[in-house]
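Presented below are the structures under discussion, each in the form of structure tokens.
Below are two complexes that have subunit A in common, paired first with subunit B and then with subunit C.
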Partner chain A sequence: MIAASIATPIVDWLALSPALALLAAAALCLLGAVLVPVSVRRAFSAAVAGTGFAAAGILAAVVFGRSPEQQLLIAESLTRDRLAALTQILVAGFGVLAVLISWGDRRRDHVGEYYALLAAAGGGMIFFVSAGNLLTLFLGLEWFSIALYILVALDTHRNASLEAGLKYLIVGSFGSAVLLFGSALTYGATGELGFNAIREATGADDPLFVAGMAMIIAGLAFKASAAPFHMWTPDVYEGAPTPVTAFMSAATKAVALVVTLRVLVTAFPEQAEIWSIAVAVIAVASLVVGNLAALAQTNVKRLLAYSSVSQAGFMLIAIAADNDLGGKALLYYLIPYGAASAGAFAVVAARERELGREVTLATLEGWGWERPFYGAAMWVFMLAFAGFPLTGGMIGKFYVFSAAYEAGWWWLIVIGVVATAVSVYYYLAVVRSLYMRPASARADLVVAGGSPAPDPALELAIGAAVVVTVGSFFFVQPLIDLAGKAVLSLPF
Partner chain B sequence: MMGPGTTWYIAVAAVLFGIGTTGVILRRSPLIVLLSLEIMLNASNLALVGFSRQFASVDGQIFAICVMAVAAAEVVVGLGLIVAFTRRKMPLDVDTLTELRG
Partner chain C sequence: MLTSLLIVLPLLGALVIWVSPLPREATAALALLVAVAEVALWIVTLVGFDFTTPVLQDSAQREWFGDLGVTYHVGFYGFSLWLAGLTVLVGAAAIGFGAWVGRDRARAYFGLVLFLIGAVVGVFASQDLLLFYVFFEAMLIPIYVLVGVWGGPNRSSATITFVIYTMAGSLLMLASIVVFGLKQGTFSLIDAGTSSNDWVFLGFLIAFAVKAPLLPFHGWLRTAYTEAPPEIAALLSGVVSKAAVYGLIWIVLRHFPIPVDHWRTVVLVLAAVGLVYGSLLAFRQPDVRGVIAYSSMGQMSLIVLGIFAANDLGLDGAILHSVSHGLVSAAMFLLAAMLIERTGTDRFADLGGMARGRPALATIVMVVGMLTLAVPGSANFAGEFAILAGVFAQGWGYAAVGAAAIVLAAMYTLRLISGILHRTRGDAVRAESLDLRFVELALVVPLVAILLALSVWPSAITERSFPIGPPTSATPETAE
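Take a look at the complex of A and B:
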């Protein structure tokens, strides 16, 4: 007689619940695409996806409260800690914003699939930030990336959307393949897959090991759209449906940067001298390329895409600092950055829906006077990106530079300050065209189909983004305390 | 351990990865580019399985099987996009996809 005894791992369902909530929402939306009648399908799918994101955020907050110590789950493949939980709360928040922004979209087909993919992408991101070994890292990355490839290309009636989808698929998969080969080399050098096990296994500076680490950094930099791995960003941000761009620009960057921080600090602390220089170089490249290219843009979505490349540069400075102040700075910076980024694309979406065509600096002329709420909100977001007072962007930059100062990276601070000064020009160019240039009577700027319908969901999303952007300035201390608690789970 | 040593597996994997990278960068048809991406993923699989054999642990093999599933999902999306391209009579040539630029 054979005693069938398979050792089953203990599954911590609470730690998995945020990802499971979003998977359930995605499944319900897909069922809704078949079973729910067309007339209520949009409302049903949006409600389910929005509830899924809200539930994921609340569950992640519960996990945050109950995990003062880092725990490794399921054969050490997943991490339950406050760093993951805090990032999950951010992703869930950006997801709710994306659902609100999507509501007024004039999408007629693929409504159920759209919300299902949005929820699935969010679930993938939430899984990705809790990765504890190289396998879950790769699976999480591909999980949300594949959902995003389809979301970008979902407007199949627009050539630009299809083109953006194919470009994102090719460049994104290339980045994943580089990350995977790096993972294979790291596994070969250490014989381990878990981040903690890799740290304990290393001794010498094996060339295989350093090559693996470099390829993992490059693969993650593709997702964070840091230069020189950013070439897909402007095309994809421009071609994708604008609510998807809003979600990607905020959430993908947040998870990619947090995971970069976690992998480098947890798995490769002995190589810190090598990777901090590599990350600093990528940060400088992002600042230079992002800012210079943004100066030349007239399409607002492309301008914001290059601005997101340069913002990634600022956040990489925090990672290069390799200290706990840097970790705090990164987590804090993501809050105003993500809110401002999602909000700015939401304002672009509002103008796009009025005009029925792409939004350039010329088609924004005088719009701030016509639509005072959207104009003022855009103003706030641009000031937050540029780091002006009364927005969280200023404090974020201050913390990033403090972390760099503490680590002795004074030349990074100089480049960061110069980059900030340059960025003011193109951020204020948006404000200038909103307010300073009167709208010339142009026949092509007549609002499509008369006065546009009011969109309370979009206004709510923009209002929430403004509140977070400005509120993070006034509530710095509580937010920094939260970030500090999250960073405690990293071995600095 | 019978057969060639791990170094040979890694050498072949590196060559395959190089071929895949070259293909992604140089070829113009999205179909061939997708094929080259698959070669890159399979190069990593070979390296994983080779190392797994060296360490006599199954971690690398499990990883490789997961990668195969992911690669299949990725290629489904890629081929779906190519079908959508053909339906809209868009050129299947990476160099002429220039609607988005600036």
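Take a look at the complex of A and C:
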């Protein structure tokens, strides 16, 4: 018997379970798209996808609890550790938010497929953060990217959505190709694929190796939408269905940044002097480009897109610091940032559904007084982005600056401070529009089709995002403890 | 415990007002109730306060995040208790005024004012650098909305200028806090030692110089004070600017003795020039609020002179003058608001001759004016005198400039008084512009009464601020 002589790897089903839960949810949604009657299809798909994300989050929490030590699984291709598990919990949380935000979308066609793709993208991200070698890294990246390409273009009746999908596909594929090329070069220089094996391999002074590392950083920076790899971000964020944008801005960025941290720290510690400077330069570029471009925006989704570029810059400062505090800073920062980002797009979605057209600073005029809950929530999210107190955004910035100081990068602190000061202008521009302009008498701002139906799911999502954004300010210690445990998986 | 309660009560009041759908009158009444309860709470703290020991009192401490050594730690010293008292008093007067004129969007408005009061009290009570930053920044949020929504016609540019100035200053401070705290290994203001780093010092100094404002950082002052609703301007100039006083004394003087020595001349010269410049500008302003705004700048510069004299007299004078200037400028802004209610303007060109037939208004404006120009015997005079005597030790030139500025203060104040009360009747003053009513008197008279009491007994504050002399170097302190 030949089959008996091949040793099959032992599969750790628990470690895989978060991704499997979402795959199962995706499969059920796809089945539902055919088998479930149209009248209940939306409810069925949303419930299945929401349950899938919730289950993935719970399973990831179980993995977090049971993985004090890092383990490499399945021929060292996957990692089971707390860093992956914590990020998976975040992705699952953002996924639940995305499902809640999506619920109010009066999507008539592709309902099953929409939720299936959302769950599949979440599964891909969850797989991606647990990657243990360059192959699973690429596999995970493509997995969630392909799902997102389709999701972005799913509003086939809107040209903007189609255009965004195509742009994302082309630019994203280019980014993936760069990553793949970099992986190939790294493999060529070291003969190894696993992150740990690459660290221990010789040949580190090979120029091929450094070139490979640079291309891997660039490929991941595409996904994190860090400048100068951000060109797709404003168009895609603007064109994509808003719930998808909410999910992408929170979850894609989280996984891309965490994986960047993991790859650089695990596989390339010898080259830390090179990559920390490279990452610092990308961080500064993101801060400059994101902030300056955001100043000129009037479309709120584009404004938030550029803001997400500059936020990526802040989080890259934490990675560039290359220390334990930086790791904690990144993981902490992702919590209020992700919640505020998903929440802000949810508020945009609310206005979009009322008006039936795109949301600009002008169409938000005076809306804060009409809809106090949405207005106050948006206020909180903008304060979080700008790093004001009573939101976790302030503590996140504080940790990032602390990490930079520990690394001796005081000039990064100065740039971060200046960038924050600039960003206040456009974040407050949103608030100004919401509250400080008289409710516009323009007829085109009258709600389309009379008073909009209340959307408890959306309100729940926004409420949860507010609670996380503000709660992370008051409960810093428990969150930092979690982040600290997760960072122990990295060889600092 | 009491301190935490003093901070939390207005914040909680704000939250309740925001979420409960009360009608306007009930909202205003609730806000006023909270503000009065806050004053009562402060009096309770004052009665139980021991002014003879230099240790932190009524303190509360809780770990916030331990890995960087950041704690929630609040409490009062003698001098900070006086600043907190100023806050709750002026806050109550501002809320009373807001209730009386019936500001629209009452729930948002009163909630924000209460939030502001809580944040300012928090600033004066913070014993942890990051907590201080939290409250310092938190003040900005309600101010931004209060000016931006309820302000005058140019409120948009006023708020933007104000926010950009303040944020630039306070973010520099955040950078300084990170560097200082990590180097010291603690963010506690009590445990931290001293630093000799000029850059870190400048980060703090500029943040407070913007808030005060000190000379080159005063660009936001005129529009912010004029465009803000007058009762918010009262809080801004009377109370919020005193956050700079607390920061300069408790952070800059204590933790940066060497940089303070390096930069003393620069700061003293800027303050002296600012004092004269502000006073001259005040003399040239065409409207009441302009005069108060620039007079505030002059008086804050004088207070900075006292602080950087860094001796007993200078600091005692600085605290006394902070309190009396806070009360005077709040009373002035409220009076300006009452004038605007009557005449629709506060420009001297359209005012005048209001003394005839309006005895209460004339008396109050006259009394507050006399206090502003620091007539000998007044609390303001005592404060100014102590400051000038203190700064004399650093060089007689500063004292000479300061004394000259007192003459300038007399000039602009007399111009203000006669511009409102005397001369021929202005176009905007109609016969039906009535005298101050009972409610208005009830708002202003307590402030004036406290000023008069302090005039009689200025040592109530000067002898109860710094029991062991000026805090010019951080010495580890024994806990209670």
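A few remarks follow.
Here is the rule we use: the second predicted complex is superposed on the first by the 485 of 492 C-alpha atoms of A that agree within 3 Å, B and C clash if a C-alpha of one lies under 4 Å from a C-alpha of the other, contacts with A are read in each partner's own complex, and residues count from 1 in each chain.
Throughout what follows, contacts are C-beta pairs under 8 Å (C-beta built on N, C-alpha and C of every residue); 3 or more make two chains touch, one makes a residue touch a chain.
Please read these numbers as outputs of a predicted model, since none were measured by experiment.
Contact with subunit B, but none with subunit C, is seen for A:Leu185 once the two complexes are overlaid on the shared chain.
In the superposition on chain A, A:Asp105 makes contact with neither subunit B nor subunit C. By the document's definition of touching, of the two partners only subunit B reaches A:Leu135; subunit C does not. Of the two partner chains placed around the shared chain by superposition, neither subunit B nor subunit C is touched by A:Asp155.
In the superposition on chain A, contact of A:Asp81 is made with neither subunit B nor subunit C.
Once the two complexes are overlaid on the shared chain, A:Lys167 sits against subunit B while remaining clear of subunit C.
Legend: residue contacts after superposition of the two complexes on their common chain; A:Glu238 is shown touching subunit B, with no touch to subunit C. Legend: residue contacts after superposition of the two complexes on their common chain; A:Ala177 is shown touching subunit B, with no touch to subunit C.
If you count the residues of subunit A touched by subunit B and by subunit C, you find the higher number for B. Once both structures are placed on chain A, no subunit A residue is touched by subunit B and, in the other complex, by subunit C.
Note for the complex: subunit B touches subunit A at residues 6, 10, 13, 17, 20-21, 24, 30, 33-34, 37, 40-41, 43-44, 47-48, 50-51, 54-55, 57, 59-60, 62-63, 66-67, 70, 73-74, 77-78, 81-82, 84-85, 88, 90, 94, 97, 99-102. Note for the complex: subunit A touches subunit B at residues 134-135, 138-139, 142, 146, 149-150, 153, 156, 159-160, 162-167, 169-170, 173-174, 176-178, 180-181, 183-185, 187-188, 191-193, 234-235, 238-239, 296-299, 302.
Every residue of subunit C that touches subunit A in the complex is listed here, in rising order: 18, 63-68, 70, 105, 130, 133-135, 137-138, 140-141, 144-145, 148-149, 155-156, 159-160, 163-164, 167-168, 171-172, 174-175, 178-179, 182.
Against subunit C, in their complex, subunit A makes its touches with residues 328, 369, 376, 383, 388-390, 394-395, 397-399, 401-402, 405-406, 410, 413-414, 417-418, 420-421, 424-425, 428, 431-432, 435-436, 476-477, 480, 484.
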